[in-house]
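To keep things clear, I will list the structure first and then write my remarks on it.
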Amino acid sequence: MAILKSLSRAKIFWPIVALAVLMCFNLFFTPNFFRVEIKEGHLYGNVIDIIKNASPIMLLAVGLTLVIATKGIDISVGSIVAISAGVVAMLIGGDLQGVPKYPIPYAMGAAVLVSVLAGMWNGMLVSRIGMQPIIATLILSVAGRGIAMVTTNAMIVWLYAKPFALLGQGYFLGLPFSIYIVAALVLLTALVTRRTALGLFIEAVGINPTAARFAGINAKNILFGVYAFSGLCAGISGLVVCSTVMSADGNNAGLGYELSAILAVVLGGTSLNGGKFYLLGSLVGALIVQTLTTTIYAFGVPPEIAKVVIAMVVLVVSLLQSFKFRAMVAGFFGKREFSV
Amino acid sequence: MKPKISLNSRNLPTLVTLGLFVLMFGVGSISFSGFLAPQNFLNLFIDNSYLLILGVGMTFVIISGGIDLSVGSMLAFSTMLSSSLLEKSHWNPMLVIPVVLLSGVALGLLMGYIIQIFELPPFIITLAGLYLARGLCYVISIDTIGITNQFWQDAAHAQVVLIGGAFISPSVVIALVVVMAGMFVSRSTKFGRTVYAIGGNEQSAILMGLPVARTKILIYVFSGFCSALAGIVFTFYTLSGYALNGANMEMDAIATVVIGGTLLTGGVGSVLGTVFGVMVYGTIQVLIVFQGTLNSWWTRIAIGFLVFLFCLMQRLFESRKGARGRKRVPPASAAAAS
Amino acid sequence: MSGMTPIVEMKKINKFFPGVKALSGVDFRLFEGEVHALMGQNGAGKSTLVKVMTGVYKQDAGEMLLEGRPMRPDTPLAAQKLGINTVYQEVNLCLNLSVAENIFIGKEPKKLGRIDWKLMNQRAAEVLKRLNISVDVTRILSSYSVAVQQMVAIARVLDTSAKVLILDEPTSSLDETEVAQLFKVIRKLRDEGMAILFITHFLDQTYQISDRITILKNGEFIGEYETGKLPKLELIAKMLGKELSEFAYTTNPDERKKAAAEAASDSGTVLSAKALGLQGSIAPFDLSLMEGDVLGLAGLLGSGRTEMARLLFGIDYADQGEIFVKGKRVAISSPKSAMMAGLGFCSEDRKNEGIFAELSIRENIILALQAKKGVFRYLAAKKQLEIADEMIRALGIKTPNSRNEARQLSGGNQQKVLLARWLTTEPIILILDEPTRGIDVGAKLEIMELILNLSRKGLGVIFISSEFEEVLRCSTRIAVLRDKVKIAELAGENMTESGIMRTIAGGK
């Protein structure tokens, strides 16, 4: 009992329970949900697909976790995904023989660099000019899609350079390659935030910016850094998105991703009010969002209707975080004297 | 009595927007022949009538210090609902229009109620609304539904001819009615002024005895109504319902409101400013079309840049005011400073 | 006065908050045509009393009468309807609306269903004229000074059937001419028969404007006096809960303090400020602090003690003067630069400016040290634990585990965590703003003991407290502040409660 109690207090516990419940549901109601086959030495199956399809959102969620921990928000990540995809596609080029215009690593590097610059732009607006995060990132979210379309001359660029497909479609040791990218990014982020004082400072700034300043923390640099990092994550996510479909569509790449990623972070236990952040929780959150979507597909429901379900999840999660709502529920169950 | 227009800080942003519009239209007129035609000017309204309607609703939301991300999807839902009721259920248009408007009101009421009663951030709740409305579109149909209904056809093709042969569409008339109503409500009714008061200082508004809770819910109801109406107007324009209509349109609506001089932090702004904002938006589009070599996506970049400039301007404005609020300047110079 | 029925009479009012008795048996009477000052130190119960009167809180016991009839307002709005109006220090108006609108919003004059702006502006100008103010009522409120904003707030109230006007610290951000202007308005309203309750911490203003004074201390009623018959010194004594006769006995500096003073005198200066000041915050002051010195800052609430501390620690940026640490001039532009120069600062506002409620005690303790070391030289978990445990032991922080969240601690223990945070940075100078506020007596004594121990080890301490006893007990020297000016420095034999009070009451 005591173990269960301390376990349930761990923040990661509830997201995992939610994921497990979803999985159990599938176990009984979705035939072959858990079947994993081996074809040509690779693993195939629903579960593998979920992880693979969730990768772009997971990558975004890593960056957003830190942004949200500072009590901020970044709604430009979807647009940055499109920019990154556009830049890498244009630099590799649509040569039908698959000969890249520029070496693939350079193209990828350039795309990520542009994304980091975009993130730094956001960071500058928030930390130096002092704009509210939602407003600052709104600007790039409006303009970013335009930048992406201008980069690709408003066309869908198809790629044929085989090596680039590894990122989003390839397999390594039987598992989708994108999983390794996610793992590497999370590991690196965890290392940088938890093996240095960065994580502590980010949380301190999110919990109490005034006290953080009084304790000698340079909150401006922290803020600048998290937005730049969010740009980096969006850039990498853009590479994976582009590689998965071997094309860059400035109009639709990453469309609405910011919302799924924010939901993933919140489901993972990081509060929109800032403070303690949970990188692994965010990953689990992304998996929940993806599993939910896949489950709905498995029932033959048109994929788009999945959005209604996601809307409901957002609603329930926000209600659960609402103090007023909790007080009302408490009141309903007879603890009226505590209700506000 | 209209408040007299004076050059004070309150309507400075609106004047800046108007100036910007005149400048851009002037540049266009000098650079491209045929740009200065009256019809070209009126086309700004014809092509953006739905955005004008969305903008009016969004102006109220933003002045109150909130945000409504659901408007694009709500518009799409409205196009789907009207086309499906007309074409699949063969309802009478006179019944379809009120039902569609009512659906917008209902969704707005739901969001406003949750935001107000549970004290949740509008950003999150209208985000859920965005998903919900978009999903409901697909519940109706995944495919495009063309509209062949005679009333709709008439509305789409009718022209209201003005002096000199130039014309506007019935949609523009509807949009202008909404704009006038918006201007009247924002300036001359207690509801309108309460919206400003809430955006200025919600706590004060409560202490001054204003009906804050009711007003905040009504703001989202109004925005929902505008989205539904914009959807109907949109179907007059496209003669079809499609679930992907209005993707990202919430951003366009917010952008035009901001360019129109409304503060994203709330409390300051005007419906008239939003009209100018939409005109600037439309002019950028037309300029790019006339220019010919740039692709239409430069519009978004230009819009983003303008939003940036306006936010920056607002920010500088705020910090100047903040510095004054924090520390006193002798009263005489404080009055003279602005 | 006694023959008249008071407009508002409060009898034996009790108000409890969890664990605190905010008001116990307080009586209060407010008459027509008077300016009544409500005086008391922090925690005296002034604001609680006003909040009960205006319907923000409900009293737990006692009775309120309005013109002789019982009243029980449930909300501030209900109180307003009864004619009781409050103008707060932070003006509760909408800065984005016009002056006229701020006066009339919610009750705008209408014509044919629409707001009649012309009539509204005209009426607003009339109301303001009654207060001898002529401003352009169509301009937005934020374009006017705080003083004008206050007048507008008053004007809004006047338009209703106001009987009682409560002014809560109205002068704290006004300059002298603005105060004079406000007082003119207050007198005019008084002469028209309005009952005005005036809350301030400025003694001089109390004597300038008020007819009668009610004093509270620790939630208890001390007395009701006619202003003219209550000497300033006696007022201060009563606010502090002392009989005047007590001041006759000087509290002799004890042996230790003498020794410390001697030790301090022949050791080096660790901190000095020359003509340091910030316009509108605190007048330029000189200050010097020796090694092992405890400099007490004494003054009433709002006298500029905190402002002084904020300037020294770089929270506010001084617009004039210089700071020297160990004789070397340092540029202190932020808390971080102050910290690097060897300063530490515990804010009086623990909750908003000190503690990170959701972080663990350990993290709260090591945060400043970590900020000093920089992001990359991260203290290993084991080292963090060592430091935290040592501090928890040394300062006697009562917690089962340093991993617990800081919010679970009591006020006194949170204060110790803050102290620990700065001690781990091994500062040369430590500034403590009200470290003993809101904590129980035992913890107070412990904190003071800690301060003395630290100074014995050579730390220079600046100690701020509203309790003169505490300042006297800890300090080797005392700087006295009044109305944002440092007016004197006391040492040796002058260091007595009566000495401080006489200095403060000394007037101009």
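The first chain written gets the first letter, and so on, giving A, B and C; residue counts start at 1 in each chain.
Everything below uses one rule, namely that a contact is a pair of C-beta atoms (placed from the backbone, for glycine too) under 8 Å apart; a residue touches a chain by one contact, two chains touch by 3 or more.
All values reported here derive from a predicted model rather than from experimental measurement.
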{"item": "Arrangement of touching chains [line / ring / star / complete / other]", "value": "complete"}
{"item": "Chain pair, B-C or A-C, that carries the greater number of C-beta contacts", "value": "B-C"}
{"item": "Distance from subunit B to subunit A - Cα centre to Cα centre, in angstrom", "value": "30"}
{"item": "Mean-CA-position distance for subunit C and subunit A (Å)", "value": "46"}
{"item": "Interface residues, subunit A side, partner subunit C - complex", "value": "195-198, 200-201, 203-204, 207-208, 210-218, 275-276"}
{"item": "Subunit B-facing residues of subunit C, complex", "value": "76-77, 80, 92-98, 101, 105-106, 108, 114-118, 135, 138-140, 142-148, 156, 173-175, 177-178, 279-281"}
{"item": "Subunit A-touching residues of subunit C, taken from the complex the two chains share", "value": "313, 315, 334-336, 338-340, 345, 347, 352-359, 363, 367-368, 370-379, 421"}
{"item": "Of subunit A, residues touching subunit B in the complex", "value": "73, 125, 129-132, 134-136, 138-147, 149-150, 153-154, 250, 255, 259, 262, 272, 302, 304-312, 314-315, 318-319, 321-325"}
{"item": "Subunit C partner contacts - residues on subunit B that touch it in the complex", "value": "1-4, 6, 8-10, 184, 187-190, 193-194, 196-197, 199-201, 203-205, 207-210, 267-268, 321, 325, 327-331, 334-335, 337-338"}
